[in-house]
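What follows is a pair of complexes built around subunit A, which joins subunit B in one and subunit C in the other.
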Partner chain A sequence: MYRYDSYDQSIVDARVEEFRDQVQRRLSGQLTEDQFKPLRLMNGLYLQLHAYMLRVAIPYGTLSGRQMRKLGEIARKYDKGYGHFTTRTNLQYNWIKLADAPDILAELATVEMHAIQTSGNCIRNISSDQYAGVAADEVTDPRPWAELLRQWSTFHPEFTYLPRKFKICVIAAEEDRAAMRLHDIGLKLVSRDGKIGAEVYAGGGMGRTPMVAPLINDFVPEDEIVSYLEACLRVYNRYGRRDNKYKARIKILVHELGVEEYKRQVEEEYAHMRILGLNPPTEELDRIRPFFAGPAYESGLSDEIDRTDPAFALWADRQVAAHRQPGYAIVNISLKPRGGIPGDASAEQIELAADLAERYSFDELRVTHAQNLVLPHVKKADLYAIWQKLDEAGLAEANLDLITDIIACPGLDYCSLANARSIPLAQKLSERFGTAERQADLGELKIKISGCINACGHHHAGHIGVLGVDRKGVENFQLSLGGSGAEDASLGQITGPGFSEDGVVDAIEKVTDIYLTQREEGERFLDTYRRIGMKPFKEAIYG
Partner chain B sequence: MVEFLSFRDGEAAQEPAVTVESFTGQSNSTAVRIEAGEDARELLPYLDRLSLVEVNFPAYGDGRGYSAARILREAGYVGELRAVGDVLVDQLSAMRRCGFDSFRPDKALDDAAVERALNRYADVYQKTVDGRSPVWAKRHPEKING
Partner chain C sequence: MKILTGNDLGTGDVIWWAGDGWSRHVGESVDVGQKGEELARSEEAALRVVGAYVIDATVTDEGVRPAHIKDRIRAFGPTVRPDLTLKPNDADAGNWVI
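This part shows the complex of A and B:
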């Protein structure tokens, strides 16, 4: 876990005081809402349908028990006793009073947390692989680079008023658990001749024009990543479209210029910038790296798991992933209880996760872009005790990557941009498909729901995607099939005319029925879809 | 309230700034104004004779001028670099970091707010063109020369 030094702390503390000053000016009437809006939006504070929403950054999805406990405490003290984990691995509070916001930031600062750049047209929270540091298939732990980029992007003076928001992801494994190629810039760390560098992908994203990011550079040496990104961002800042917010993301620039031309412009810019000494020295990465060194694992532990309790065995088979250290496991905690709200957690659940992290996982937790939690370093011998505690707290759902492990945005229940409600639909789907047998039979199947075209619910990347639209004042849901946010990234195709809320649940059931009758041995839903195409599904839905 | 803010020694440039097009088309002007969509690199052959570059911000959220400023400073421009237009107190610090050394905002700024805004952050994470030492350089003084 990275720990702040006095420099990091002083920057976050200064931000708290700056925001306190801005809120004070707003409350006293010196600032109008129009003048205040750009200021609060630089700090994750949105005015939603019913109240202010505050989005707290969880850099690269990693946090300690102490930080997690603070999030629970804030939920209880300043919100209605819960929080919502987002697809950017952040946490949102939905019922915040403006006058409390500075105090909340001050409390966050005591545990080295903040809400800096969780909104606005700037570089947002850097995301990474939730299995970073414990996955067997990674070249290196990507988080030291993510932390380096967190610092570099914090209050970057040139890139604070970009054409649009900018999302960066860093991974270092073959399996892409973080939807890297659906980011404005995705970095995949690779090893070449014993040296670490990054494959750079630029121009991915969702929204109304989804794109899978193309590769623009196959090896940027690790000590040049910062300056190379400066060149990528500068080209975007200068030439990205500002006339239409729906065409302002970097994906449109890359698409309109063409990959080769964008790449050429970046290279030209880079020729100017690489000699300016913009990169931190390698000693800085060397300073950061030990914070992420693996904990003091015990050796000689047994890999045996006592499976006599069938409910535990079911959970363990689904929620526990292989750890690279013998005797240890990765535990996925589902925030998708049957009929529940995806990504929501009560203050008590957040605090339980904090307790479990401290007691069983070397004081470390992760948040995933699929809106779940991870205990990254758990002894296999402790799995049963953990499961019992999770079960008591309603957190022992065994549905990782199954049909009820739904990603959903907050939708029209909270969000002022939404056209349709995502949450009730997610709940209905979860009820319809939620028996253990049915989910297990359907296997890996990722449903992702967005309540509007902005695609915060990643519907383009859903094996089954649902987009809520407004059709003459009535909520309507478009269905798409075949998307993926993983290493085989692809964009879903729309099936045809949309449905009512109940209608789309029925349509999804027809889709899964086709899969069950057509699948071949070992095929996931996505594999069957890719083999047989849209036609049979379409016939079943509309025929 | 301040209508003009300068961090330069001596008098501010007085000559009216001309457009990039007329500047590059004639040889005697020493002051030029860049609009948001214009390419600062067109000025690079003329840096020696320039004493003022004005960069217009049509709206505070249009950040192209930050890149224009840095490009000029990175290329060695030492004359006055002035931000004009929709320049608000909350942007001054970032503009200073990108090399602006004078400001003529559309709306006058509050002196005390300017003072607070410019002194808020003792430390910065990036190396830019303002000569401030980034945090990483302070952490590793033995590795950084200047």
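This part shows the complex of A and C:
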């Protein structure tokens, strides 16, 4: 894992003290809320429905046991004993006091963490593949580039006040586990003639105008990636719509200009920048890369797993993924217990995950955009012991990518932007479909729920997506089918008129019934939908 | 009736104007009539509240009840965590809020 150097640490420490002063000035009345709001947002501090909410950055979803333990400690000491893992692989605390915020940031800084650029119209936390460095299908570990981009984008003076927020994702595998093409810019590292470079996708995103990012360059050499991104951002920064926040994301610019024209302008800018020689020195990437070197795996380990305990076998079949190192496995920890709140974890559960990482996973954890956790380097011989500990803590749900592995935003229970509650719906669906047999029978089926059009719950990319809306003061839920955030990215199509909360649960059951009767051998729900189209589902739902 | 709500500047707690100060309990809200906006400005200037705004509410058998679901959730806490509502461990919290 990357460790801060003196520059990283000093800028984070300095930011804590700067914010401490700003908070004191706000509390003493020297700053008005209008003056203070942009300052607190730059430090991830929102004012939500019930209290201040602090969003902590987890760069590319990777963190150590020490960092995870600190997150649990803060949950207990400053919050109400829990945190919420988000679709941006960050952690949110829901009950923060303004006066405590600087102390919390100071505590985070002791473990090389912060909340910088988790809000505001800047480049947000860089996201990546939760299996980075351990996936068999990746061409290289994407995290050194993600880290390079983190450093480049942190306090970048030109990109601190973009037209709108900006999200970047870096992956390096054929299987897209990070919804790469639904980012403002997505990078897929590829190998060509033995050299690493990036496919660059620009103009994706969800929100009220969802778009799958088109490819704008099929190979940018690795030592030019940062400069190329700088050119992409410059064109956006210059021409992005600042007059209308609903049209201010890069996806609108790319769409309105057209892909070819946007690309032409980027290339023109890039040609100019090449002359300036702004690429970071290759020494910096060389300095970063060793931090992500694989741990000291043992060799000669057995790949056998003792499956005599049926409950363990069920969990292992679902939650354990193949590791590229013989004798090791990737463990997915579900944060979706039956009837639970997607992405929430108690301080004790967070600390247990920290313990497990330190003891069994070379001190490393990942957070996924699907609001789950990953132990990336686990000996297969340790799987049973890990499962027992997870089971005791209520973390042994076996539902990865199944119908109850639901993504849900905080919704109207917490969020001041929301129109409807996402979590109670997720809980009802989890209860309705939660038996092991039913989930297994339905197979891969991703439900994603957003409480408003901002789409933090990624509903556009759900095989089944649900959007909560406000219909004359009453919660109403729109259903969509056929979305995907994976390598076969697509946007869901709305089925028709919306439903009540109970009504949408029933409608989803009808949708799954059609799938079960119509599916052909080996078809996932999404495959069947794509083959037979919307009509049979619509007829079943609306009669 | 019109009632005034906002968040405590320091703690972030949801608070309600109770006539002679702020309360955490919506049931203690008073009708601010046409004076809500002016009250909001003066209370914000006095650093006692942030983001104050006026909402519609009605008096029911259970007390003052904000007209919109969002403010009812603000009044009592997340419907999915009855242990965190102002009526601790009320298993029916989600129902009576909505």
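Note that in this section the second predicted complex is superposed on the first by the 543 of 543 C-alpha atoms of A that agree within 3 Å, B and C clash if a C-alpha of one lies under 4 Å from a C-alpha of the other, contacts with A are read in each partner's own complex, and residues count from 1 in each chain.
Just so it is clear, a contact is a pair of C-beta atoms (placed from the backbone, for glycine too) under 8 Å apart; a residue touches a chain by one contact, two chains touch by 3 or more.
Here the structure is a predicted model, which is why all the values come from computation and not from measurement.
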Contacts of A:Leu27 with subunit B and subunit C, given as first, second, both or neither: second
First (subunit B), second (subunit C), both or neither touched by A:Gly339: neither
First, second, both or neither for A:Gly327, with subunit B first and subunit C second: neither
Partner chain(s) touched by A:Gly443 [first = subunit B, second = subunit C, both, neither]: neither
Touching partner for A:Ala99 - first (subunit B), second (subunit C), both, neither: second
Subunit A residues touched by each partner, larger count belonging to subunit B or subunit C: B
Interface residues of subunit A shared between complexes with subunit B and subunit C: none
Of all residues in subunit A, those that touch subunit B in their complex: 5, 7-8, 10-11, 14, 17-18, 21-22, 38-39, 121, 151-152, 154-162, 234, 237-238, 242, 272-273, 276-278, 280-281, 283-284, 287
Subunit A-touching residues of subunit B, taken from the complex the two chains share: 39, 60-64, 66-68, 70-71, 74, 90-91, 93-95, 97-98, 116, 120-128, 134-136, 138-140, 143-144
List of subunit A residues in touch with subunit C within their complex: 26-27, 29, 33, 47, 49-52, 80, 95-99, 341, 412-414, 416, 418, 421, 423-424, 427, 473-475
Residues of subunit C defined as touching subunit A within the complex: 7, 9-14, 44, 47, 50-51, 67-70, 73-74, 77-81, 84, 94
